[in-house]
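Pasting the structures in now, so scroll down.
Shared between the two complexes below is chain A, which has chain B as its partner in the first and chain C in the second.
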Partner chain A sequence: MMKNGKVMKTLLKRDLLYALYSWGYYGAIFASFLASSFLLKNFLDAIREEDILVSAFPLNYPLYITLIVISLYLVIMSAISISREREQGTLEVLFYGPVTPASFLWSRYLKDLTLGILALAFTALYFYVASVLTNLGFTIGLAKALIMGIFLISCVVSFGLFISSLTGRMRSSIITLMAILGAFLAIQFVYNMLLGIEKESLSPSLLYLRQTTSYLFRGINWISPFAYLSRGLDSVILENRTLYVTHVLYCVIYSLVFVFLSIYTMGKRGVKA
Partner chain B sequence: MKWYRYGVLLLVGMLTLGGSLAIAQPESPFKEQLVYSLTSFNGSSFSKNFCPQSEDTIYLIAHENSVVTPVKTIVYYWPITRRYMAGFSTLNERINGKLEIVHNGKVIATQPEQKYVLYYPKGYWSEKAVMYLDEEAENYYKKYKQAVDVFNQKLREYYQAMERYREVLNRFFEEVRRRREAGEEGPLNIPIPKEPKAPDFVDFYTSEPASGFILNLPPGKYEIRLRRDDGTIFEGSEKKLFVFTSRRKGGVGYEIIPGNRWTKKENCDDPSWIIHAVGKNDLYFNPYKQEEYNELYYNKLVDPQEIGRLERFKWVHIDPIENVTLLFGRGKEILQTVERTPYFVKQIPGPELGYEIIQYDEELKKKGYQPTFESYKVSLPPHLPKTDYQISLVSSGSGQPEEKSERTVRMLKKENAPYLYLVAFLPLFVGVVTIIGRATKIEK
Partner chain C sequence: MIQTIGLTKEFNGFKAVDNLDLRVEKGDIYGFLGPNGAGKSTTIMMLLGLIPPTKGEIYLLGEPFHPRNVAVKRRIGVVAENQYFYKEMTAQEYLIFFAELYQVPNSQKRIDSLLEAVGLSNDRNKKLGAYSKGMQQKLAFARALLHDPELLILDEPVANLDPTSIKQIRDLIEEENRLGRTVFVSSHLLSEVERLCKKVAIINRGKLLAEDTMENIKRKLTDTILLEIELNREISEVGKELTQFPFVKNWHAEGHRIEVELETDRDHRGEISRFFYEKGFLILAMKTKEMSLEEAFITITQQNVSLLTRGEDTHEKK
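Let's look at the complex of A and B:
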């Protein structure tokens, strides 16, 4: 157990430093902030002089986008590194030593989570400065949503690890991951978009599409990590502490289930590409 | 010969199509149907509608009286509004029997018909109504009839008094004319006749007593059906009944009339919603007690043929809040204390096609104008520091704050919006420092 912990710590340190000294990590955060700035500027431009705009938490949507960009980057980078190590045989060499699937995958999970928390710290700073500049308001609700973001990142990372443990080659790993997470996002986005339109305004084909996406959304509701984020943000808006804690618990359970599934799959499947 | 074959095929096809069209007679658009006439409690008043055969579920609010009345009527489809309409004026046949309420497969109640009235304490057009049953219903209706009789009596007296007044007035003018013609100057000292005051109409309203099945149930899924006196179930009377309750209640919602577009009102209902503004503004607030319902259930309650989204919730304004004072302030500092005031929207003549919202005063009253609306006006001056402000309500009498009436009015610094792109470079800056720092360290 002690040995496993030490191995995990060594792997975690190695991977974490590798990520922190690479441009990609900062580039991903920059891209997400750029998208947020664009959204916030549009929001401000929408309010004309002598007019008002009633809205709840205008920073929540940019936060949502930021979280998605950061978590997608982390999960894809993680999948690439696992597959690369598998393809190059590094994983096999490591597993001849004291490294086990559990220590390897836990170190990956904790590395991504740490990077995610660091990215959220950047996000908090970004929103704070944005609030000072524009008075959009850095509220307790936003702080709660940021904390909820840690659990979303945990869900995405654990789900990504599971997919990486299932696939062998780097290309198939990335394609599978992108396809599944992209589909989750697309279903959620299309469903929410169509939900916002009154039924009378929808053509029959869009009506069927809405019904179809509604069924699909219900189907992925407990699998898609992004659905957990939406529910978590809803609990912040509702100011319901019980609901908030329940969603945090759901996220923890989700993450644990997928990390253990990944360990099990890697143990069964082996480390060869 | 090919053209000949195609011609025969075309002819056969046309004949077959024509034959089938001739056989398929168009269905009559008018159908005799058993429908449920509904008087459903909607939070503050009662919505009147009907549930045709096309809808299998009736939606009602829990623990409140609502009425369902089975009626045989003519139903037809109106394609313009894409809904079924009922021709109650053509056929309105009441169905006798008892209403059975089924829950989890068991009959939990058998309802006989009951008499009811709807009592509107502030008149027929007011938003609030109360339902009274049986003897109480009769009493309230009698009270209304008596009030109307008293009014009619006063009206007759008023007309008589007006007739007398006109006669006296004519005599008065005649006297003035006669004395002026006689050369009298200065004040004539003739008492001016006083015009009689018209009586005020009855300030409340009670509907005529009607009968139906009163449903007052806890939340849940039920079924209803009509059992005839001979013990059989009336065909087509079976309906699902969905009784629901609000998700959140007890808060205050605001209807906001922005000074620059008074016909396009905004709502700030959810306590988490923030009113964002950028500059000078006049905002007129109307507070309401409110409850939050599922959009689909509530829409179906008001009209069973209406649509809605199961995933969405909507705030429903229950009662306007009166006898309160609106406070506008920053932190603990109160900047404006606002009372409810009547306002008049004055159209500005000329090519500008604008309007002006002015306070309703005695002068306007004398001219016979009525107030356009009553509201709490909060003025945001142009040089108000750009920070967060709060509005809240306190009771005018006790000064007690109204629960969940607080909202934030956020003055945004719109001019700083372009700098947001600069802030986005923050992680890149940190990345440069980290990576270059490490490279320098390795080189050393």
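Let's look at the complex of A and C:
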């Protein structure tokens, strides 16, 4: 067990250093700040024009956008992390020795989670500076949302790792990830569209479709890591402590389930591309 | 060190490895031979736990093997046919990474000596992306030996190397074997296997056809031995008199040289020497011309001849 821990530590150290030396990570953080800055500017323009902004959490929406961008980067990185090593053959070499699916997967999960936490630390700094410059206030709600962000990133990373454990090549990992996320969005879009139409004016087939998408939508709410992102931030806005803690617990359970699923799948799928 | 009992691997009903029984003893340099598609790589993949067998048992280092038995894996060094590296790393960084994974004590000293042994000391700070195939192969050797394994599993270890590097690696394998390491080597280069290995197994179409010492395999394949003799003068009609010996199957003379085909029931060289001496000849040179491993390999694999007797067919579990 202790030796397994040392193996994980070695893998984690190498992977983390490699990620921190890559431009992509900083590029994603910069892109997220750019998107937030754009939103903040819009807020400030609105305040200037209307002389008033009614919002208890003026910085939460920009934070949501930041989290989405960082999460997208991390979900892609984790989705290719196993398949890239499979494709390059380096996974095989690791498995000649003391590396097991569990030590490999946990080290990857911790690496991506650490990158996420580090990105959130940069985000906190960015929002602190933004709150000072704009006078919009660095609220407790924003701090809570940032903490919730850690758990949301955990969901995103474990989901990405699961996709990677299923696929043999980087390209198929990205295609699978995009297809799944696209399907989630499409179902959500169709469901919302049909929900907007009155029940009486729907034909029996559309009614059936609405019922089906409703079931699917409920399923997606449990499977999609981005659904956890929205719900988690909602719990902050609602200022409901029980709901907040419940969401944190859901995120922990979700992450554990997907990491263990990934370990199982990787063991079955093997090391070859 | 390695034992497989009834090891079988099926891919969609096709038996890539069929009921394979191998036994590699401690201290062996064991050659694992077979033509392309014979099932060598599949067997090695199963030995390394990278693919699960359909049925059969694997014992490594005396223990039943399971892919998650990390303790056993730590005692094995592997050089695969294809080398995969983190191209952004230098050789030094790469070996440090693996030394940390295997928790090698005094790792820097070990790395230095291994890089020296494989002739990569001067290239230790070069990125692996810039390494030639030969250099990669040598580095894979250094990685495989880093944690001082008891068993080395080598798949085509000299496939991409030039003659100088082949000799370097061969010397290294022999040296490691002298130090007590057991070596399991799969190779197409039969001349290399012949030089290195004490014992060989030949498989074809997933089945084990022969497993024995080199001498025994050759002996089983042929019932005659060819004796080449060089004499001090022309042989002329004397050769005919050789047929008086019942163990002489055939002979062929040309000038001062004669080739005599003898039965392998026992060593007849003394009788042949005495015969020429009594006829007033001086023997300048005498050597037995043995079947090469290549000839044995071709005979066994092309004719799919099994040299396993019923008793040898199934090993008792150790």
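Basically, the second predicted complex is superposed on the first by the 231 of 273 C-alpha atoms of A that agree within 3 Å, B and C clash if a C-alpha of one lies under 4 Å from a C-alpha of the other, contacts with A are read in each partner's own complex, and residues count from 1 in each chain.
Criterion: a residue touches a chain if its C-beta (ideal position, glycine included) is under 8 Å from a C-beta of that chain, and two chains touch if they have at least 3 such contacts.
The structure displayed is predicted, hence computed values, not measured ones.
Once the complexes are laid over each other on chain A, chain B and chain C both fit without any clash. In the superposition on chain A, A:211 makes contact with neither chain B nor chain C.
By the document's definition of touching, of the two partners only chain B reaches A:37; chain C does not. By the document's definition of touching, neither partner reaches A:172: not chain B, not chain C. Contacts of A:195 after superposition on the shared chain: chain B is touched, whereas chain C is not. Of the two partners chain B and chain C, it is B that touches the larger number of chain A residues. Of the two partner chains placed by the overlay, only chain C lies in contact with A:7; chain B stays clear of it.
In the superposition on chain A, A:136 contacts chain B only, with no contact to chain C.
For the three-chain overlay built from the shared chain A, the minimum Cα spacing from chain B to chain C equals 11 Å. Those residues of chain A whose C-beta lies close enough to touch chain C in the complex are 3-4, 6-7, 10-11, 13-14, 18, 88-90, 92-100, 270-272. Chain contact summary for the complex, chain C toward chain A: residues 48-51, 67-68, 70, 73-74, 76, 78, 80, 82, 84-86, 88, 97-98, 100-103, 143, 147.
Chain A contributes residues 20-23, 25-27, 29-30, 33-34, 36-37, 40-41, 44-45, 47-58, 122, 125-126, 129-130, 133-137, 141, 195, 199-200, 237-239 to its touches with chain B in the complex. Only residues 256, 258-261, 266-268, 270-281, 283, 307, 309, 311-312, 386-388, 408, 410-414, 416-421, 423-428, 430-431, 434-435, 438 of chain B touch chain A when the two sit together in their complex.
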